[in-house]
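Before anything else, here's the structure in question.
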Amino acid sequence: MTKIIGKNELESWLSGIMKERTVFAPTRVDDLILFRPVRSANEIVFDYENTNLSPKELFFPRTETLFTAVPKDGDIELTPTIVDQEVILFGIRPCDARGIAILDGPFLDEPADSLWAQHREKTTMIGLSCTKPAPQCFCTSMGSAPNDASNVDIMLTQVEDGYAVETITEKGEKLLQGVELRESDVQPPVPTCDVNIPAEGIVEAITKMFDDPYWSRLADRCIHCNVCAYVCPTCYCFDIRDRTDKGKTERIRTWESCQSKGFTRIAGGYDPRADKGTRLRQRFCHKLLYFPQQFGALGCVGCGRCVIACPVNIDIREIISDVQKIGAEVGQGSN
Amino acid sequence: MVADFTQQIRDKAKELLEKGTVECVIGYETGSDGFSARPAFIYESAEVERLIFDNTCSHNLVKYLLNKKGKPTAVIVKGCDSRALNLLLSEKQIDRDNIFIIGVVCPGVVEWGWNNHSDQLQIRCNWCRQHNPVIYDFLVGEPVTEGPPDDFADIAAMETKSTEEREAFWREQAEHCVRCYACRQACPGCYCIDCFVEQLDPEWVGIRIAPEENLMWNTIRAFHLAGRCISCNECERVCPVNIPLSLLNRRMEREVLGLFDYRAGMSEDAVAPLITFMKDEKLGIGE
Amino acid sequence: MSADNGPLIIGFLCNWCSYAGADMAGTSRIAYPANIRIIRVPCSGRVDPLLIVKCFEEGADAVLVAGCHPGDCHYNEGNYYSRRRFALLRALLDFMGIEKERFQVKWVSASEGKRFAKIITEFTEDMTKLGARKAS
Amino acid sequence: MVKEATEKAVPNPFVPYPATLKSVVDLTPDVKLFTLELDRAQDEFDYKPGQFAFVSAYGVGESPFGVTSVAYRREGLQFAVRRVGTVTNALHQLEPGAKTGVRGPFGNFFPLDDYKNKNIIIIGGGIGFAPLRPVITTILDNRDDYANVLILNGARSPSDLCFASEFDDWVKSPRTKLELTVDAGDENWNGRVALIPDVITELQPSPKDAITIICGPPIMIKFTLSRLKQLGFADEQIVTTLEGKMKCGLGKCFRCNVGEKYVCRDGPVFTFEQISNFIEQF
């Protein structure tokens, strides 16, 4: 039996939650769809492919204070940042939810990152499965699916007269307390994303063609901006510096991307990844080689944001098939 | 008409590569969505079939020449792009003898986007008065006569807003900015080795990706392009959060036109307005 | 704008003319409001637009750049370049929401002590009327 | 996974241990030796030669430095800091008594126990000598465990030679040779004026039962490495400590990776045999 919640009940339920807790949901901002805190249910957009920027920002903000250092009677008082705001993230797509779950690897690996851990703990995720995957989506090839509910607390799937509700975790259960759901025998549709990207054996293939000139040829057209890393739900590289404002010093962590010029430049000016080809290779090797080697899953969830956002159409799906082709040729060749 | 542009470009590219006049032809090829164009680097004459030209060829390819210093290279430029060649030549960044310029009379470029089969012209084509390339070695297409001068209607519209409204408008845009620097990386006029925004000593713009820092970044970036921007509007196209950067650039373009009657990139040996002066000019400041 | 003593004005004064003009005002006991924080620079041409935008970002309500009258520049051309630079910068700042009046450029020679004091007094009054910048 | 991370109120791994700057000594015109003491006893940590820590200059940031003291001597945490960037400049302005912060220890260390009874060749260029000093101190404090020791310290100019005040102790130690070289001498320098790779060819150290520990600018390592190879040194006999861009030291910010290896967690100490097997060429 499928539990159903009507559109109006859903909106009134969300409006109720909004009274005590902050609800982030996809809203239209100019011509963008972004996750923003919403004050009323009608600000929420329900029919959208995906947001321009990924919800990773709610867990790994573009700018975050790690701790403050304030001089106090001869000493410096360090106060680590505490996340005390309970947040509801509504409308997260299955691929993005998988992205967040994947990033638990690097962030919660010993010694765990306390800020990421607090954000994860304080955030309840209500997923919205995709009814019609977009042309840029390839989630099924990356281990996710348009209705993959494994990484959210509650999963909603659109049906004729409302949304099928699947409660996954007790956090979800707690949130749904007091909400009566109708029983129905209608089966939620099972959308498919039939784009098939040959990701099988990519780790071996990319290892074989690691030194192939393919990367420098590809880097010809790359302009080395940080768009792909900043729209991506699974890019997590960061930079740390201090900022002082009126006597209070904050140690700030911000997004950083392996395509930035000074990303690996060390004191004295030496930069092991000075040329373009190696920097571009680093991005795809991190996702398709280093990440799976260390955490098991591929570092890409197939959301397709970088495919749309890249100014010069460096398409990770095309790269995966190129790498497989070249990896195979190199396989038969020398080694 | 545009179809045979492609053939003319392919033939010229083949000839240049076979004769060894150039080592590489920088042009456009069809992207991974089978529809919109993307930059292409052709090194072998056998590969010229990849080259295409249609109204999705939005990229300004001139900046790639900065990576090809000392190597003879051919580049395909539309009308507006060609002004970037004059900009970089007048600023001694590229060597004229190393470049073979294939100019294309521009048919107008549609909204660029992956799998975005739009047929709506980009806004830069509405204000465009430079369909014919200003500099070329080989011309594709027949030169057209340009329309009446640009009236900067978009800027006038913005100026009807009050100062508070404008301040709020740019503050909100600054909230969207993620400082990915795609605008800088796509701009032919932005080629500093160590950009002010990444300098640590002095730290002009703080590390935070926050509205105040973003405002400072966008203000100074626009100022550094004053009298140099050739309005190819690639900065606005590549912005992942659609910040209307053309408003800032064109506000400066109108001011430079008004004060110094100067348009960037119109000739190889032009002198940019901010590196020269006229002793007795009245600019309505300081009196 | 600190609530009690009015607008915060940053003044970049060129060492050879305006700074000397300010000295002249001081030595001839001409009072002018203390809202202005004076920064001495070798020439108005030294003032990088980054400095001015940084002032506004850090919370200044107004910025003044004062230099020699065109033709009197100790380095001959400094103020010619800065005149063009600041004409463009003022247009950009105004377009982005910083009123034109908040960024003034004045040519003040070493002998114009009285005029310097008048400029600062009027500037402070205008800025008090205009009020603090909302942003900071 | 997330549950217990937050339950045991995960400490913020980026917050440094409060420390006080005990003394600042000028080693060379642009290198100072900082001695720090942790304010809280419970923060005391053991460390071995080759490990590093982040030192904070509040208001600017923090940077990784090889710990140049040895833990068992209990003389406080020492770092040799060369003034080269914003953080190091800020550190160079600190006076004794200043409050700062230390985060560490990070990385692996020189496996000195495995080098017992071997000839040890220690080659350091400029500030690259800082992480090698604790190796020397440890070896000389347990002199009999090791065979012959050759220390080669090179620098741009005589005044740039690090730890000059300790040269005498090193030379006095049995079966220990100290060779100094500079790129350019000055009026009262009568020692060797040569580049380190050339000194290697001149001294012809034997690869038999030998371990070479080398640290310095990449260009120096590159040429010295080939000279050592010509003398018959195998890759696994040559050990270095890699310098990578580091921001966290925790294997999270992914700035220091060389191929699949994190310099901060899998290194910074690697043999050249390991380095040659990295998929990415350093």
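Letters A, B, C and D name the chains as they come in the text, with residue numbers starting at 1 for each one.
In the analysis below, contacts are C-beta pairs under 8 Å (C-beta built on N, C-alpha and C of every residue); 3 or more make two chains touch, one makes a residue touch a chain.
Quick caveat, the model's predicted, so the values are computed rather than measured.
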Touching both subunit B and subunit C, which chains are there?
none
Could you find the chain whose CA centre sits the greatest distance from that of subunit C?
D
Can you give the whole-Å distance between the Cα centres of subunit A and subunit C?
48
Rounded to the nearest Å, the gap between Cα centres of subunit C and subunit D is 51
How big is the gap, in whole Å, between where the Cα atoms of subunit A centre and where those of subunit D centre?
38
Multi-partner residues in subunit B (2 or more other chains touched) are 200
What parts of subunit D, by residue number, touch at least two of the other chains?
85
Chain-to-chain touches, reported pairwise for every pair that qualifies
A-B, A-D, B-C, B-D
What residues of subunit A sit close enough to touch subunit B in their complex?
29-32, 34, 52-53, 62-63, 135-136, 217, 220-221, 223-227, 229-231, 239, 241, 243, 252, 254-255, 257, 260-262, 276, 307-313, 315, 317-318
So in the complex, the part of subunit A that touches subunit D is made up of which residues?
66-67, 69, 71, 74-76, 78, 80-81, 104, 106-109, 111-115, 117-118, 120-121, 207, 210, 236-242, 244, 249, 251, 253, 256, 258, 263-268, 270, 272, 278, 285-286, 289-290, 293-294
Footprint of subunit C on subunit B - complex, ascending:
155, 158-159, 163-164, 166-171, 196, 204, 212-213, 215-216, 219-220, 222-223, 226-227, 247-248, 251-252, 255-256, 259-260, 273-275, 277, 279-281, 283-287
Partner subunit D, residues of subunit B touching it in the complex
200-201, 203
So in the complex, the part of subunit C that touches subunit B is made up of which residues?
49-50, 53-54, 57, 67, 70-71, 77, 79-81, 83-99, 105-107, 134-135
